[in-house]
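Remarks on the structure that follows.
Chain lettering (A, B, C and D) follows the sequence in which the chains are written, and residue indices restart at 1 in each chain.
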């Protein structure tokens, strides 16, 4: 299939490479010439602009952009995709943005007779390279089935979440819970250790009790508890604090728009904000436990 | 074995019955004559006071009391257990109290040459009746081995958590995390549904993603998501809001004593407090989701 | 002076009338024909669009719009003010918007050789009608002096806050503190009364102690403490909960943009959000005390 | 008048000296011999124990102790004041403790025919030395009138707050609000400055607007805004962070006992806790602004 791909950053570039590996023909665009050159070397064709990309005979377009402002500009701008793409071309936006903007863009696409899916991912740059991402997909069942094989070339777990925008809703809701759970584990582990317990024993008890959660049994923030977690390698790699901060910002903003209180979510956002402001934005988000550990502050 | 048992409430009575069923000889005490009569009918002998119980030839004493004040009074009071019990008798306190009081009582017991275990439980009245409780046990390894067979007559999962007080530490840390996780699930589910997602689809995604936790996959607070959760039977049964509130109070107080911040835990305590003050203290703690659901408030 | 005025809502209309009363010639625009007709009857001239207004010989333009999106559209839109206004005309935006947007618009104005002031107000519709508003003004000292006489026709207290955007900064910072202080007073009064104190005695003590604040001594949220406060007339009139919610949203968003934690501000926003979601958005914001008072919930 | 005084610490010693200066005869007790010796040198008589003090012919006893446990022990202990004091002697406890304990002790005193006042102070060691303390007094109107002249020898502002315990209620409620207001000012000032405003200009605007409060206009936490505030002398002197932390602990514990939510109060407690755990417990509590200021962390 001839596929267009916009946005060749840390996530987009390896995703695009996986589409090439799966045998697809690729036309790509990015503002960075170096990023484009990398993909061209791997077999893709460069387009000079989103409009130029849209005017080729691509059957499907994937975008992977930093934030809602870029998505609106690329899709809805005077010289954007919708102004130039043929009707019927399937549009898949894998950017992580707020659900209401995703729905606004999808509605505009429909008005142009372009079906659209929102398909944000989880799995990080590792999953993007390995082709093991999870895609949370919003859109009609029919459009989902049409897009699924292409997504399957880039990920392992392709989940239909319901209508337009629901991929973003699922991601924002999951990551809101994740950000809170991690803080909960940080508080429970720090308190237990401050009261004299061994962290590995405590984690073992929690992991077989009602406190059990992914942040404890798979990604425990206390150093040494899990050999392969970021906590045991200085909080390098993993899911950065600033990415968690971005997602909590999306959650609290979406909550504001639908007038839904998120008490713990809002406090969590402030705590990651404070931790980032101390210069820790690039550390894995589980490093937030250092806000609590007196020994770690030394 | 001849065992003494103090505190025959909703938890203590079925625990004591399981000791009788296991073939132990039991001498019991409670302020409620009706509670004592029930156990006597089942084969136990009544003692007139903690002191009287302590002066029998019991080899081991189990207590199950409401709060730290009762534990201090029963063990340390002028006419309490320590003033009358023979040296060497093993003392097991299964009450849920703060770790520092547990350690204070254990130290006093040691000074009387009485080994002591703190052994709070999880599993609720259902687990107490079925003999499937989890015991989180603090004390020396030797004392733990000595107490384990008796605890095994009342529970299924007997976990050694380290030295004196660590059973309480494990419980308070786990329940702190549980109280936070449940609020996190409540926020994520409420936000997702307010943004248009189906609650069962959303729970399914969370349960296979990084938001996965016991409060979502085993005890989901949204009605209808899990057939057997309290949420699907009007939040009856289960673990009461006021019990969660008590445990969060223990957590924040223990945190205060060791000067450990628990930001989300303190906010969680206030939210359960507000919910209880609205008259919901007897509902299962997962009903806290009604603080967030506009539809549920109608 | 010939002045243009855009935005004739609850605040803008009485402000415009005060300019007429002061003897200024007025050309006005609003999307609502009824609002325009009211001002025309009072002596103003109607313009058909912002562009048409800009093309008259006005020497100064005042705008009073609901939110940042309207300000950007009216000033920066393809058919907006900046595209049509003569260089040198002084622009004064009295809308309450985020400081960064205010600075973006001011920079665009400067690029058109139009000096600009941001001049949000406090004082409510009562102050707008009486001409007793406070204006918090950002912009150069020279521009401030030029705009001051016009603002003085609409307000009593005209405060220069520094460069462009600083009027918005002052308002957002003050109202962040106000929203927090009111909750602090609500908690202190509710706790004191729950512990058995008379509310008027307690307020009297606070007002002569270190808890003293405007929310206690001038606007006490407990009914009956201050005869003229909204609390003593069923929380009608005053500064609506939804307006406070909007301002806290501006504060937390501005904080996010400059990576500044606002722990209490974020929690305050959620509490007003919860109160608004219960149907109380139109009540004066001091009604937030009803989140705390058990007696008031009956 | 012959007065007994127990507790000659940083606050108690200068208070006792002021009673001597006013011409009263003083019998004193403290566990510290040095503290007692200081007062004896100034003219007081030493008592060997609280019981010995109680058995003299004192007409009135003042106590100034660190916490509720000391108050219970000194008044209610087997060898405490109530077991030995003559009926009719007026007891005044100026310690800062929780209201429920204050009421419990007052009820026990009444049962011994001893009238009692709770009379916590504000004003710090400076006010104690200068005799300018504020006393917040709980007890009957008659007992208040009887105690007032003695209190007036130690303070300037003697406020009757209602029945037994209400002095403590007033103090805890005021200081809850103070702890919150200070954080509100810290957030507003930090946000304003991060957004580019001059701190003195911003404080000036707040102090004439609805954000006005003692923490802003009298005790502003931003360095340089108020020449005489602790912020302008490195946060030395003043009201220590750990004292604020103690008072917020009393507030949240009192709130727990009457099942009253204090959302911001609980979060404030955690923030001062975190700041104290970083080693800042001895700094004036307004130093909490350093949790927010990026520049100050360098």
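Basically, a residue touches a chain if its C-beta (ideal position, glycine included) is under 8 Å from a C-beta of that chain, and two chains touch if they have at least 3 such contacts.
Keep in mind the model is a prediction, meaning the values are calculated, not measured.
Seen as a C-alpha superposition, chain C sits on chain D after a turn of 180°, to the nearest 5. Using the mean of the Cα atoms as each chain's centre, the chain most removed from chain B is C. Matching residue numbers shows that A-B is the pair in B-D, A-C or A-B whose interface repeats C-D, with more than half of the contact pairs in common. Centroids built from CA atoms put chain B at 39 Å from chain A. If you average the Cα atoms of chain B and of chain D, the two centres end up 37 Å apart. Each of the following residues of chain A touches two or more other chains: 255, 260-263, 267, 271, 274, 277, 291, 294. Put simply, chain A touches chain B in their complex at residues 99, 122, 134, 136, 157, 159, 161-163, 165-166, 169-170, 172-178, 180-181, 183-185, 187-192, 194-198, 201-202, 205-206, 208-216, 218-219, 251, 254-255, 258, 260-265, 267-268, 271, 291-292, 294. Across the interface of their complex, chain B is touched by residues 249, 252-253, 255-256, 259-263, 266-267, 269-271, 273-274, 276-277 of chain D.
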